[in-house]
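Each of the next two complexes has chain A plus one other chain: chain B in the first, chain C in the second.
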Partner chain A sequence: MPELTYFEHLSYILPEVAVTLGLCLVLCWEMFSRRQDRTAEARRARGMETGILSLGFLAIAGVLLLIRFSWNPATVFGMVEVDRFGTMFKLFITSAVAVVIGFDLMDRRAQDDGRSETYFLLLTAVLGSYFLVSSYNFLLIYLGLETLGLASYALSGMHKRGRASAEAALKYVVYGALASGIMLFGASLLYGLSGTLQVDEMAGHIVTAVREGRSVQVALPTLLILVGFGFKLSFFPFHWWAPDVYEGVPTPIATFLAVGSKGVALAAFLRVLAMAFAGIMVFDDPSVGILNEPTPFLANLGGTLAIISAATMLVGNLAALRQTNLKRLLAYSSIAHAGYIMMGVAVLKPSGFEAATLYTFIYYFMNLGAFGMVLYFANQTGSEDIGSLKGMGYSHPWAGVATIVFLASLTGLPPTAGFAGKWILMMEAWDGGLGWLALWTGLMSVVSLFFYFRIAKMLFLRQADQEIAVVRTPILSGMLVVLAVFSVVFLYFDPLLDLAKTGINDLFY
Partner chain B sequence: MIPPPHVYTLAVLLFGLGVFGFLRHRNAIMLLMSVELMLNSANLSFLAAARAHGDSDGAMMPMFLIVVAAAEAAVGLALILILFRKRQTLDIEVPRSLKD
Partner chain C sequence: MATALFYLFGAGALFSAANVVFRRQAVPAAIWLVTCFFFLAGEFLLLGFPFLAAIQIMVYVGAIMVLFLFVIMLLDLQAHQPIQSQFRHSIGGALALVLVALAFVAASGGQALEAENQPAAPEISALVEALFTRYLLPFEVTSVVLVAAIVGALTLGRSPGGSDHPAKS
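Let's turn to the complex of A and B:
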């Protein structure tokens, strides 16, 4: 590869530059625009301006990312990998945050104070995610994770006057700091083993250590690093913060934590796993045939991940059964979905990682939709209780039908995308020797039917207690319908699968 | 010069102390302090490894970690202040407006 000049390096990270400029501008906007004007209209106008400004910069970053998708992979500034896997997840987080900002602008219960700060923090989180998903260097991975983390902590605490926001945010920051501390200690052990912070250079040392029977030296740091990612992905036993935090924060922020933050953490996790353990994984390389002998270490790692996956599905689905708060219910549902995604990771093969990536994309559509639904009905009734949905399906047919689609997709019923994604994950687990896990997933999906359809029952099979005036929110309804179309249609399924394949290819071959 | 194994031992002890402190206490400030201990043990371990390998990357790591830990403490303390004004307690298990 020819040496790149400084400006060529810079041209690879223009999306990051665009987001950085955007967040500076959003932060400064309030200082320079009619700050003395404290009337409600002025504050609302400022919120709207900064929201549109942030959306504009996200759009610029998105276009730059789309252009970079066809570029050859390169390492810039020695640490940042620009490849299709990273670009794909950067597009994922960019669009997710754009939707979250849209939700926030539509949120009738949000206070107009502090809106621009919310957008500033969201853009900061995007910047952190960009670096998180595109590096093999533990320093940059940690900094990305912390930039994302600190922005998320502050976002959860922004809702100062809310009853539970500060409490949720404090729990989040304390346990989040714990998880990142543990992960960092694991990284330092791996650094001690190999003498490098680059995961790609560590891989050789890891393979030697495992081959020579010193697998404890690898297993311990791997477990510690698993804690750090496990916290962000909220899988068992690091899941308990999620319900509290999701319930305590405003709905748009919960959407961001459930979809955006989880998606990029998964991307970084896959990247680290793929790079560190590709040398000992057993899979068919089209050019070489089967590469490696199975090792006990690999079997134990896969087994651990599979047990975590099964336990995560169990706690998520069982706890969701007795929830009455919609956001708490969706928090447990998103924990269960982390379990489904982990099933693909536990196979420890490129095909399993593809299935996990594909399911993450599908999860994106259906979960954005499900949280959008909570926001929509909370706008109408002012409550996030499941009982407040009684009979709302008839007065809000579009949102009601869209909700049914999201619920069916989350359960994994055909013909939704959720079904296809889950089916592929189960097939991968079955082929990868985790047949019991595939059957377990089937069982858990049946359990999840009960609580998802409690929502549907409330919407369509119960009579409303009293008439509630319909508030028209055409933009939000439109967003819900679009997301619902994406959660059901099979047309885009092949391109999505190809996308996941292309990305994972960049990691392995 | 102190040999790296000694530094490692100290790092592991500090880490254990941090974990113990975290499990033992419920006061939010004590929890944050325990986490700081764990971060510092990671710093020591990075430095010991950097010296053992004669590599400067690991020695650079603590610089970043200290800054990040300070930022984390700032956010944590801000939230602690908000919570204390509301509830007059720092026990993170007591304020129970969030439960199943």
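Let's turn to the complex of A and C:
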């Protein structure tokens, strides 16, 4: 590839540039339009303006990403890989944050102050995610993770809803700082081993170390780096923050933490694993035609990930059984889903990574829907308690039916996308020698049926205590219905799987 | 001589770090952290990175720790409230320490971890060149991180009942 000039490099990261411009403008908007008018209407209008401005810039970034999707992979700035895997997940986070901003604009309980800061921080998180999912240099990965992290901490702390939520936010910051510190330590040990920050250049040293029986030197940093990603993905034993934080923040922010930040953390994790360990993974590589010998190191890594996956499912599903707050319940449910996704990662093969990516995409639709459902009913009743849903299914048929679809999909019942995704994950685990984990997942899905069904039971099988006036929110209902349709349509998952395959292909070959 | 100094500074750093953890009062703990940073700067100097040593002292000791002390004194924590700790937390900490130590012994196989290709001590000019060419993008991303941190801090620090932003019901 010929040497590119600075501006040619820049042309590859135009979506990033667009988001950066957007966040600067959102930050300045309220400053320039700061009329002395402090009435509620004026403040609401300003919140609206910045929200629409952010959506506009996200749309520009989305279009640029779509255009870029057909480009050939390229490396710019020596550390950003512009490939379809990254672009895929950038579209994922862009659309997820767009939905989150939409949710926030429709949240009737949202405060009007601090809206522009919320959108600014969400856009910053998008920018961090862009670099996180496309970089293979530990410095930039860390910076991306930290941008995402700082934005998330601020987002979870800025809505002062009393002592418990402040405590949750503080815990989130402290654990988050610790986790990223531990991850940095792991990365610096790998730097000591290889003398480089580029994961692709580390790979050679890692393979040599493992082949020469010095695998502990790789295992220790790998475990430390796992802590950093584990915190973001909220898998066991780094999941403690999630329920408290989700409960303490407004629903749109919880949606962002559960869907957006988890998805991009998974993408970065997959990229690091694929780049660092492709040389010792056991799979048929059509370009080389060599089947690597299985190594004890790989078996141990896979085993560790599998145990983490099983424990995460157990903790998430069992704890969810006892929850009465809808957002806490969904927090534990999203922990359990991190466990399902990790099952595909634990296989440590391209096909397993494909299954994990596919499930993440399906998770995106059904979880956005589930959190949207919480927002919808909280708009109606002003409560996030599971008891407040009594009999709401009859007065709100569209949202009620959509909720049933999301719940079925989260449980993994046919005929929904959740079933297809979970089925493929279990097949991959079975083929990858993790049969016990596949069976465990089946068992855990049965457990999860109980708490998901409790929501459905409240909606349709209980009588309402009193009549609550129906508040018409056509846009939100429409979003829920569209998400529900997607959650069913993707039972026919071939296009999504093709997409995941294309992306993972870019990672490995 | 250099080796002896290395171990001396190392022991000093460990001792001060332990003091940071075990001191019950916030201000002495912070001062011990300053001491720890000085010892670490000495280590960097011995390893041939004078610039890093200077930066360590200027940024961490000069700026960050002074800020810490300001915050501690602003909150007036020093005399009245010794930091509480619980026995079970100590057990957890001790367990983590032992496990990490074991992991490191296992990782090194009983020998010191050695970098395969020890990077040469860089000139400051080389450092600057790397920062503005090879690492230009991370450098620019850092500015966004900082802006996000500032906005986050200001938003968190804003009191809900402040004059600029009247409290909402």
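The rule is simple: the second predicted complex is superposed on the first by the 496 of 509 C-alpha atoms of A that agree within 3 Å, B and C clash if a C-alpha of one lies under 4 Å from a C-alpha of the other, contacts with A are read in each partner's own complex, and residues count from 1 in each chain.
As a convention for this text, a contact is a pair of C-beta atoms (placed from the backbone, for glycine too) under 8 Å apart; a residue touches a chain by one contact, two chains touch by 3 or more.
Just so you know, these numbers come straight off a predicted model, no measurement behind them.
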First, second, both or neither for A:Q323, with chain B first and chain C second: first
Touched partner set for A:Q217, first chain B, second chain C, both or neither: second
Touched partner set for A:F77, first chain B, second chain C, both or neither: second
Partner chain in contact with A:L127 - chain B first, chain C second, else both or neither: second
Chain B versus chain C as contact partner of A:E117, first or second or both or neither: second
First (chain B), second (chain C), both or neither touched by A:V485: neither
Touched partner set for A:H205, first chain B, second chain C, both or neither: second
Partner chain(s) touched by A:L139 [first = chain B, second = chain C, both, neither]: both
Partner chain(s) touched by A:G192 [first = chain B, second = chain C, both, neither]: both
Residues of chain A contacting chain B in one complex and chain C in the other: 139, 143, 146, 150, 153-154, 157, 160, 189, 192, 195
Sites on chain A touched by chain C in the complex: 20, 23, 27, 38, 77-80, 111-114, 117, 120-121, 124, 127-128, 131, 137, 139-140, 143-144, 146-147, 150-151, 153-154, 157-158, 160, 189, 192-195, 205, 214, 216-217, 219-220, 223
In the complex, chain B residues that touch chain A: 8, 11, 15, 18, 22, 28, 31-32, 34-35, 38-39, 41-42, 45-46, 48-50, 52-53, 55, 57-58, 60-61, 64-65, 68, 71-72, 75-76, 78-80, 82-83, 86, 92, 95, 97-98, 100
Touching residues on chain C, where the partner in the complex is chain A: 103-104, 106-109, 113, 115-119, 134-138, 141-142, 144-145, 147-149, 151-153, 155-156, 158, 160, 165-166, 168
Partner chain B, residues of chain A touching it in the complex: 139, 142-143, 146, 150, 153-154, 157, 160, 163-164, 166-171, 173-174, 177-178, 181-182, 184-185, 187-189, 191-192, 195-197, 243-244, 247-248, 319, 322-323, 328
